[in-house]
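My questions all concern the structure below.
Lettered A, B and C in written order, each chain numbered from 1.
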Amino acid sequence: FLTISVSSKLTPDKPCKRLVLYYHDILFNGTDLANATSANVTNDSALGSHFGMVVVFDDPVTADRRLRSPPVARAQGFYFYDRKDAYNAWFAYTLVFNSTEYKGTLNIMGADPLPEKTRDLSVVGGTGDFFMARGIATFRTDEAQGDYYFRLEMDIKLYECYK
Amino acid sequence: FLTISVSSKLTPDKPCKRLVLYYHDILFNGTDLANATSANVTNDSALGSHFGMVVVFDDPVTADRRLRSPPVARAQGFYFYDRKDAYNAWFAYTLVFNSTEYKGTLNIMGADPLPEKTRDLSVVGGTGDFFMARGIATFRTDEAQGDYYFRLEMDIKLYECYK
Amino acid sequence: FLTISVSSKLTPDKPCKRLVLYYHDILFNGTDLANATSANVTNDSALGSHFGMVVVFDDPVTADRRLRSPPVARAQGFYFYDRKDAYNAWFAYTLVFNSTEYKGTLNIMGADPLPEKTRDLSVVGGTGDFFMARGIATFRTDEAQGDYYFRLEMDIKLYECYK
């Protein structure tokens, strides 16, 4: 083994791979079982702004904005709200790819402070075609319709690519 | 510091360390307090296939298949089910080693789609004897007995080893 | 790209960056809405020692021990208890920095076995000023007042710094 320092220069504007994806969350509203792709598993606490509401999801991810486009991946995981005076979420989830283009997963976690226009989360690992990947997932809210549908643009930039 | 690109070649068939372990989950069934090592903290949603059921666990991990073998580690964390039409889980947990052989932890997260024969999750970090480790944890269901016991083979392959 | 082995020598006593921070958790007790910064979203299971209690938090983080010092960051995420016969917790959260000194996040997960004097968790990623960082977060309980306030010293040591 070569003994190196791993403190190197990665340049944020030069990812080794980049994927721009759209995430669609259709929260179960109590009646729409056929379309729902997520469900809250705890209720709001008394602290306000949905603080404490945990949502488990298996959400379609598409290459363009259209919910009805063929999914290029599934996003499986959970988010919850965690702020009293504003909507602020926290995500941990896996992007599961199973297409002719990509097979494998990316694992992502981080804070999602909705008042910010864009939010950076960490891509902490990957498998299959994304073996051992790391990077940044930048969220931007692309649309929010009431409480039961929102769409995020997820701009996935990988800076460590091993495959 | 040496300026390098971290896009190197790691070879999936040559981990720097490998551990094959067995994880035993004994879900509390309402009466078996003495043996239970996990408990569901939320109930199934209406979406089906246990979608939304969150389970917190402190499960024994053994070097062979036998539940009663002396544990070589504990697995502490949680999983939940997140699919409507099939059993699909998502895990985040820590393997806690405190033996003469190993002291330290490995932190793991990722999707566990049960219909697949093997599933890859990410080892996203480690401490102690596993200082700063990264790798892949491959799950295979070794046995499932009804709703209250299952055993996973966890094939842990580390590709970044710093100790 | 240069082909390297990433199995290098990192030295635990020589982080590339270090931050010693204090985390204050004020759990909602049912009445103190103004001061509370966290809330339990599930209740204890029957297994004991709060096993199964999940707490979502947006906690202030200060540079010294004083709760009323100006926060240098927020800690946003969750913990839960997961042991039958002792207090043992598991954390996943984001340190959110938004000050003149630092802007960005650190993402952290791991086990927190309270009977140990210090506990090591993994810093699995970072964004902004902590772009792509990795390291170790060492917890030490600095104070615990009954069920509704505790303070942790979080000694954050980064061993991979890219910025």
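One rule holds for everything that comes next: a contact is a pair of C-beta atoms (placed from the backbone, for glycine too) under 8 Å apart; a residue touches a chain by one contact, two chains touch by 3 or more.
Source: prediction; values computed, not measured.
Novice: Draw the chains as dots and join the ones that touch; what shape do you get: line, ring, star, complete or other?
Specialist: complete
Novice: Do chain A and chain C face each other with the same patch, meaning over half of the contact numbers show up on both, or with different patches?
Specialist: On the two sides of the chain C and chain A interface, the residue numbers are mostly different, under half being shared.
Novice: Go ahead and note the Å separation of the Cα centroids belonging to chain A and chain C.
Specialist: That gives a centre separation of 21 Å.
Novice: Specify, in ascending order, the residues of chain B that touch 2 or more different other chains.
Specialist: Counting only residues that touch two or more other chains, chain B contributes 4-10, 42, 54, 92, 109, 124, 159-160.
Novice: In their shared complex, at which residues does chain A touch chain B?
Specialist: Where chain A meets chain B, its residues are 4-10, 16, 28, 33, 36, 39-42, 54, 56-58, 76-78, 92-94, 96, 104-105, 107, 109, 124-128, 131-132, 159-162.
Novice: Spell out the part of chain C that touches chain B in their complex, as residue ranges.
Specialist: Against chain B, the touching part of chain C is residues 1-10, 12, 42-43, 45-47, 51-54, 80-84, 88, 90, 92, 109-111, 113, 120-124, 134-136, 159-160.
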